[in-house]
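Have a look at the structure below before the remarks.
Labels A, B, C and D are assigned to the chains in the order they are written; within every chain, residues are numbered from 1.
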């Protein structure tokens, strides 16, 4: 969570995923300007100080016992997914399915390739990779390689409709899947109960018990 | 040279004695654990925990919060683990702390409040705060905090049953908050705290849906500070029991404003979200204000606003 | 290809017909002259002028305003040139305008209001807005707008005497604004406007004095928008007469929010100070929102908020 | 009046005097960082756009019929007083009495001198010019040159206590004086009635009928 400036409007900190750890306590964030807060953030100058608390919550934790990692990123979901890919690349490079609205919004491709990862891409307007929804691409891929179902576990981040589709896909194919959720947040540390998601075990805080949840726990 | 008089932050809210006047506002500090990772929460004057009901409550569906200009709306729906859950999961940690523990309680009937207050007294919490913003099921769902008779009955009955210091938390959604302050005093409340959130609403014009699932929510944060300061001032001129002021406090200046208006202590709510160390910075800031102004006891600041007589 | 249907911004508030739903809020637009230097004020749906009393009023001493988080406090004290002064100094200019003129009136007794309303009707203003936030001298100084019986009597009596469209401006400083909306409707008010300012206060901790000479003032601006939207929504589910929504409107999005909540028209107050062209930009913005959303009449937006049934 | 940025906090525009007209519609402002608004303003980058309305109100209007101009500036009051000096310098350079807290806060000295104006300076801490209050300096000056009373008219801008002292001084010495007042403002254009000053003719709006008033009109 970070404050974009010290003004009281916007008031709340913004939740942004850790994109990359650079060592020495340095880190990178990757964000899209969508509203007032991110707009102000984008106008801050190099050297400016930001008020940041974190890292918060659980993050993706990959266990090979679930299978090899199959990553899915939708839009800015690439921010944490790339970070995950980077920590994973030492072993077999993970599979990455990456959907975006248009070619321009497909990010980190060079860095991914330098990690040996060749993402399978789909864009809504077909300007890069397949045209259409990345879940359709994944569906086709798994239908053509049904054995992969048992070898892989899914780690996904993206907009809610995509995560719902991932959930349906995982259940249908009986695959293990972990998704990183977005909810509006106030405190970011678990005290306000503002960011809850309905799960089979009751309301869970996305900022504290999440943002990553096994799909089977989520009650959509 | 004269020895510098030490600055005294201690305040006595009746029997409830605090090492300093800065506490947390219910529902914004969980049960203490989360913020203990950020600073030594024992430094606080008191911790007021999230409201507890008899039975666990699941709370409202998501989205529960949204941002507004210099404020936020919330409709958490009083999610809490219930009395038993609180005793088992939260109380043990709270018991290890070296600060006062105040439990905010809520119910749908006078009996609910009595049972909760008695339970809290029996486990030795330092004070009980009555959250009266809940609907009174017996009286057809009108909130205890906006209906004078139900309000009076509630406090009177709870008072009869417990000796633990009682704080009545006033709702700002009333025509005349002084009236409620007076009833609270007359019914035996040891102090009052104010303000709770102001009911508000926000609509996303693209989806045409309310921004929070519950449609309306409670407005908190700096946006409401002027309303809160006014209400504290009005109440302080009406009752003699101590007042805990809150509503939009983020900085030491904000806290001092409430104290000048008549609060004996202050609580930080939304401010914790903006700056997890807000409470600690406020304690320091009050101290340095006092030393600049040459004031030795924080009690001397309570109600110390100056104004032209002809305006009163 | 089908011809594009033109966008219709006209709204009928009973007999009061506006070319678009955007008006100015009383006390923030003077008597029209000042802002006519910035833009063509004839483009507005209506102009509501600063409140007029029978006799000239000097208003409160300075300081009268101060800034608060996303808002401001004011205690102008209803400074105005009085009925005669208005007729002589302001009306001639207003008469030259090609937009509707609404006069906000205020008094300390029912008779004051009647005299003012009759005078305004006789000179042909398009509507009269009753500012009921003034103390009722006969009833011991309690404001007309917070005491249901005085409120009812006021509207009933004024209604008996004039045919000019009557707008009752509701105070937000009440427990249940729906109650006042209903009384206004039942007493013959043609519409209601809301909200007036919320009483607030601010203290300068260095001087320890209130930031405005009157001690308390009225809070306005974006800070109060969530409260205003909530109240408009509550009233719109209670009465059938048209609602003029206001409180913190600066942008087209804000205005649309009020309309979705149930307002038939909106008024811009503090927003004029932030951006003198706010009203004009709002008219344009509503239009472009409607064309994006495929809505041809602005009336179709009134109360068009969607929500889950089970939350109502 | 200018908006320091588009955030809703701070909400109101800030009143700042026109310091200098540079021609071609360009102008300079001279301001001190005192609070949130001016702080944000000072962090804006060259080339940024600001939302400004003005010029507003009346400004100093010097008429030789009142006498030669005797200018008094206190602190940032130099901002409009300098502008006035600049428009006046073609004829006899005006007298300028200039008080500030400390040497560092004495501004525009080079520019004043290039206009042929040698201000008489006083600082509270004596780091430049006389030590003490500029009104004392003026008092002494007039006592030593009593004839000047009839030749000069006063134009002053500065903090309220200084302007009160100017008023007392002018009345005592029977001199014509015009002072530029500061009041908190909301609209800046005369509609909110927030900025009024009590005058012999009732409440007057500092933003519209002012900020400059003849001292004899002000009811302190």
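In this text, contacts are C-beta pairs under 8 Å (C-beta built on N, C-alpha and C of every residue); 3 or more make two chains touch, one makes a residue touch a chain.
Please read these numbers as outputs of a predicted model, since none were measured by experiment.
Novice: Using C-alpha centres only, name the chain that sits farthest from chain D.
Specialist: Result for the farthest chain: A.
Novice: I'd like to verify one number: the distance from the centre of chain B to the centre of chain C, where each centre is the average of its C-alpha atoms, in whole angstrom.
Specialist: 34
Novice: I'd like the Å distance between the centres of chain B and chain D, where a centre is the mean of that chain's Cα atoms.
Specialist: That gives a centre separation of 47 Å.
Novice: In angstrom, rounded to a whole number, how far apart do the mean CA points of chain A and chain D lie?
Specialist: A distance of 57 Å separates the two centres.
Novice: If I count partner chains per residue in chain A, which residues reach a count of at least 2?
Specialist: 8-10
Novice: Multi-chain contacts in chain C: which residues touch at least two other chains?
Specialist: Residues 69-71, 221-222 of chain C touch two or more partner chains.
Novice: If each protein chain is taken as a node and each touching pair as an edge, is the resulting graph a line, ring, star, complete or other?
Specialist: complete
Novice: What residues on chain A touch chain C, complex-wise?
Specialist: My answer: residues 8-9.
Novice: Would you mind writing out the residues of chain B in touch with chain D in their complex?
Specialist: The contact residues of chain B facing chain D are 69-70, 222.
Novice: For the complex, give me every residue of chain D touching chain C.
Specialist: Residue list for chain D touching chain C: 3, 8-13, 51, 53, 183-198, 202-203, 208.
Novice: Using the touch rule from the top, collect the residues of chain A that touch chain D in their complex.
Specialist: Answer in residue numbers: 7-10, 36, 40, 45.
Novice: Under the touch definition given earlier, write down the residues of chain B that touch chain C in their complex.
Specialist: Interface residues on chain B, with respect to chain C: 68-71, 73, 146, 173-176, 198-203, 205, 207-210, 213-216, 219, 221-227, 229-230, 233, 248, 253, 256-257, 260-261, 289, 304-308, 311-312.
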